[in-house]
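Chain naming follows the written order as A, B, C, D and E, and within any one chain the residues start at number 1.
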């Protein structure tokens, strides 16, 4: 149960580029090791009458896999990302309009859902949509020896006994979204949550650094 | 297809035609009474039926209305029994959707759409029997149907498929030739001005031969246009006899 | 979502500029925008930037049964996905005219031109062949999607490596990249599409139109060619009327452009090969332009693990332990059981209503209060029966409160909510 | 065409830009009502961080027993929050990423590089007429729905004398109604019925898009970008708050240069920009 | 109990309450939650009555009908013979599918499965995979040649919230009820022979049980939400656990954030629920056996 050997408990090299596409209102690509996701946001824009909600904006999330057409797995991930975004966006400020978030998987080398969440958050920020807080995704794997591995690669994911992805909010560092696979104990769960909360600090700091860098030339 | 010799040493093709010879074209206009215009056309063994409705008010989604000209709506379909193997989807697959698009594009160029702003012209074409040159036969049939409907056109649009074998262009390919791995080129022409309304080519061909092939296609189209012209004149004569003028 | 409409003044200005041989981004009439070719981490993943147009192609393979009429040939499948990311006008999963056009043109350009040796993809004749699938994703639409897609697709095909296979008897073994080096596809030639847009009834002609130019053009001519000056496909689209001379002129320009682009692809592939050989990283992290202020990268960093275990233990220990005993379910008839007498459903089971009642008569007053007090700690064996029990019927029509008198011996039979017999269950717990 | 040969029409009609926008007044944070404490702490913490980059979720709380309040003891003050700042209980929460800006005496807002426009009453935008229906034109201004513009909302327009506006024309108009729950409405006249620079555009010129941040910088009272540009070519420039710019100059070439220069301004520092402008000037002249 | 008493004592008429509920559903629920109870009389951490019926569909190889309050889910299991996949020649496979047809609620439209149904199917598939409720090796008859495929179709007949919990119970009970016929492979002809008379049950390794929660107004946790509660909630959460207190899923698709402590409370409640359901299933299964 003890967490030792901190070598596994690290985040891979990560990077982000905002506003890289000309058409969407907001875009970002997020890279964790070799895993990479491209996100584009349109909105607030015109909404289809059938999807209109009178007191808030309609958010649609589309996840495009790299090969083939979206399947049930993507649908379930879309739900996770959408509801996480809905919790942090102030949708009531743009009633009767539509927001569309498209996530294109560029490469999957583990921790895909967390990378998608991070890309989504950066793209929403780039689009300037009002948000009550930021969020980030952290994936933890537990290997067969019970060791926790943060931000696992695809190979590590394959060998792990359990895999958990959490979305953590930036204000209180609580769990916005949780999606797990495999079996684990309560202790392991709580440890993973605690580790993710720690890791989230790093990611939020990274968000801040990249936004700061971006505005560095307009500070005057 | 090494076994098939598409062009014999004597210069004859599989079905005994010469290189530049067209297949026999037979056509009738005004085959349906209720449609605004209709035509049936046979070109060799390929048989097509074209029906035109309109110009009429916009139907379906009004958002497609163009305020300065008419919208042309084409649908191409193949009868389930038209090919050797039964066709599962008569229309709606990628190939036939593309064919519909090509027909639409051809007739947008030829029909004087600016005379009918905010309206719609429907052109439906069905292949009853397919033996090569489907696109060309459809265009030729549709031209007659449009003329039958009395819709003004800049000129006849005539189409023909040509192939290229042993440095020789072959006019009006049949199915055996098309599938025999010939470079084939489909061309829709407004013969009087020599304007190309659609140009489509598949398979490999050296750039230097392009001109010869286009030339051959244009000649073939002009040949088709003569036949169509005769059909139209004959039809008009019959009609005027019937109406007693 | 609708695209932004085009204003009349934009149209007029663009046409006027084209007449003066000026283009929005300062290009000449026959110039391409800057083409950038990059590769992903995988084999067969290629990004093409054509100015601001951006597409990604990914090649994948799979063992499938061959088509009946071609038992010795592998299958090529192409799919261009007009992702809504590229333009607000694109919708997911809809077969638009544009999508049909692009898909067919790509098929014609790469499949019908027989640029790939499909016979080499046959594993067991008539049984197993490789299906090569090319997915092209449009990421940003700034005009001339076709050329970008064709460059991306052919480059990705050149870059792709399929796993090696061995056949022993009727057993087919697929080797992983570690076991045996994957094999590139055998490609005969590289067809590349070049698009020409026509303006003012064909008077003016531009190569590589951008999105705004596409919106004012009359029509488009796409010519696919390889560097041996062999035309692989020609397609005109839009209601234009071309003259033969124009077509010939376009084909000449195309041959020049194609040889330039082929060279560029060759260089890009070469560079990538070198980088991979040198063992350098060639993933996406390397592709982030460091000089841009919109981009930032952070090195691998450890996560602070100081008090994680303590925190987790703390939470687990502080939480209340789950109860050790739980109420037993009621089994009125074989095959039917019930637990949790909190609230009834409005349905009765078809055949078991009559027998059910007797089973549920073993009430017990005191425990209800106790269960409530002990909050989730104690689950009693049998469901309890309260004295002055208040029960709310769950009918949808009205939220009425029914006050039941002292429990009767027998509950009413077969009512919608099998009422009073099921009182508040002992499964009483409360959230703090 | 409404324009005379003036440069920067918008800047004149619009006057001092962002702070007059009612958007600012609409999101008011009245400190004294919130917690009863003097507003000074909040005010000063806000002021301390002006020019910093803030992210959504960042908060300003006012501690009732803040010692700073002693140093600056003044009467309770209002803090006016602009875009990107929201009141939530007794806190002020940032909801957009960008740079915190301040304008005397007590206006604060977040300056971001957003691209999608959200309409605000009183702001002037460049719109494209998409349809004529009944008594109104529908105008696309790049927001979440189309705005309506009445036939009568033009200078001198009457029931009989309708303005000559075609589908696809550009209009320079001001929002008379803009809130999240209603269809936005545009007018091409000011309160006294005069055009005052608003109206339909004449022929020619090029329309292009830039970020909303750049638009605000162009419209600022002493805009450096604008003064740099003034030295380059004589041109007409119309700036819509919705990120649309319209430019017309003596030749197609010059118009294209100006458009490309402005589009690249977002990612340049002031010296870089001046250097580029200088090079262009030398190259062209 | 407190809530219901409080309502009876209040002088408002039932029709007022009905209108209140229709016009201001959120306020209506809040007024109950303030008193730590819910409009249907339950306490915050109380489940609705769970009724289980096993083996009601004789055409299926295993079946179960579960009712949680009004929510009704029926699960039928059909076993078919198939070839194992190339990747896993020694395993059979399980194909779950959750169907939310238009008949169970007006919120579902005819046509291809909506997002909720697809997400539910994925959730069930994940639970089966994570918990290894059945060793897929058990389903293999002859390595590389023949195996069983279990098609587990869960259909919702009446939708009143918390469909995931009901699905998991129905699936588990149906699996326990499943009797597969014996299959022998003829070594000479390589054709399988099925003996329908000789049947045997599946080995069930684990008893995963799901417990769903809703969060109201960002703070109040309630268990087993009804459809109305689900639509008003700010977040949903499902915990899956087994008899050994191992967790198989902590599925929270988004919504209001929760702290580790709150999650722990949910897990404790889920553990109690697991005991309850396992007992229920065992007892019902036992009753069927003794009756035979």
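Everything below uses one rule, namely that a residue touches a chain if its C-beta (ideal position, glycine included) is under 8 Å from a C-beta of that chain, and two chains touch if they have at least 3 such contacts.
Just so it is clear, the model here is predicted, and its values are computed rather than measured.
*Asks:* Please report the minimal path length, in steps, between chain A and chain B on the chain touch graph.
*Replies:* 2
*Asks:* Based on the averaged CA atom positions, which chain is farthest from chain E?
*Replies:* Between chain E and every other chain, the largest centroid distance is to B.
*Asks:* Looking at mean CA positions, which chain is nearest the middle of everything shown?
*Replies:* So the chain sitting closest to the middle is C.
*Asks:* Select the chain at the greatest separation from chain A, using centres from the mean of Cα atoms.
*Replies:* Using the mean of the C-alpha atoms as each chain's centre, the farthest one from chain A is B.
*Asks:* CA centre of chain A versus CA centre of chain D: separation in Å?
*Replies:* 32
*Asks:* How many angstrom between the C-alpha centroids of chain E and chain A?
*Replies:* Chain A and chain E have C-alpha centres separated by 28 Å.
*Asks:* Need the CA-centroid distance for the pair chain D / chain E, whole Å please.
*Replies:* Taking the average C-alpha coordinate of chain D and of chain E, the gap between them is 54 Å.
*Asks:* Using mean CA coordinates as chain centres, what's the gap between chain C and chain D in Å?
*Replies:* 37
*Asks:* Provide the list of chain D residues touching at least two other chains, using ranges where the numbers run on.
*Replies:* Chain D, residues with two or more chain partners: 267.
*Asks:* Do you know which chain A residues sit against two or more other chains?
*Replies:* Where chain A meets two or more other chains at a single residue, that happens at 19, 42, 45-46, 98, 169, 186, 190, 193-194, 214, 217.
*Asks:* Residues of chain C that touch two or more other chains: which are they?
*Replies:* Each of 292-294, 311-312, 315-316 in chain C touches at least two other chains.
*Asks:* Each pair of chains that touch: what are they?
*Replies:* Taking the chains two at a time, the touching pairs are A-C, A-D, A-E, B-C, C-D, C-E.
*Asks:* Using the touch definition from the top, list the residues of chain E that touch chain A in their complex.
*Replies:* My answer: residues 115, 118-119, 121-123, 125-126, 129-132, 234-235, 237, 245-260, 263-264, 267.
*Asks:* Residues of chain A touching chain E in their complex?
*Replies:* Listed in rising order, the residues are 72-73, 75-76, 78-87, 162, 164, 167-169, 172, 174-186, 189-190, 193-194.
*Asks:* If we count contacts the way the header does, which residues on chain A are in touch with chain D in the complex?
*Replies:* Residues in contact with chain D: 19, 25-26, 42-47, 88, 90, 93-98, 125-134, 169-171, 207-208, 211-212, 214-215, 217-220.
*Asks:* Given the complex with chain A, which residues does chain C contribute to the contact?
*Replies:* That would be residues 1-2, 40-42, 45, 52, 54, 56, 58, 60, 81, 83-88, 92-93, 133, 135, 137, 139-142, 283-285, 288-289, 292-305, 307-309, 311-313, 315-316 of chain C.
*Asks:* Residue numbers of chain D touching chain C in their complex, please.
*Replies:* 128, 130, 140, 142, 166, 168-170, 201, 203-207, 246, 252-253, 255-256, 259-260, 267
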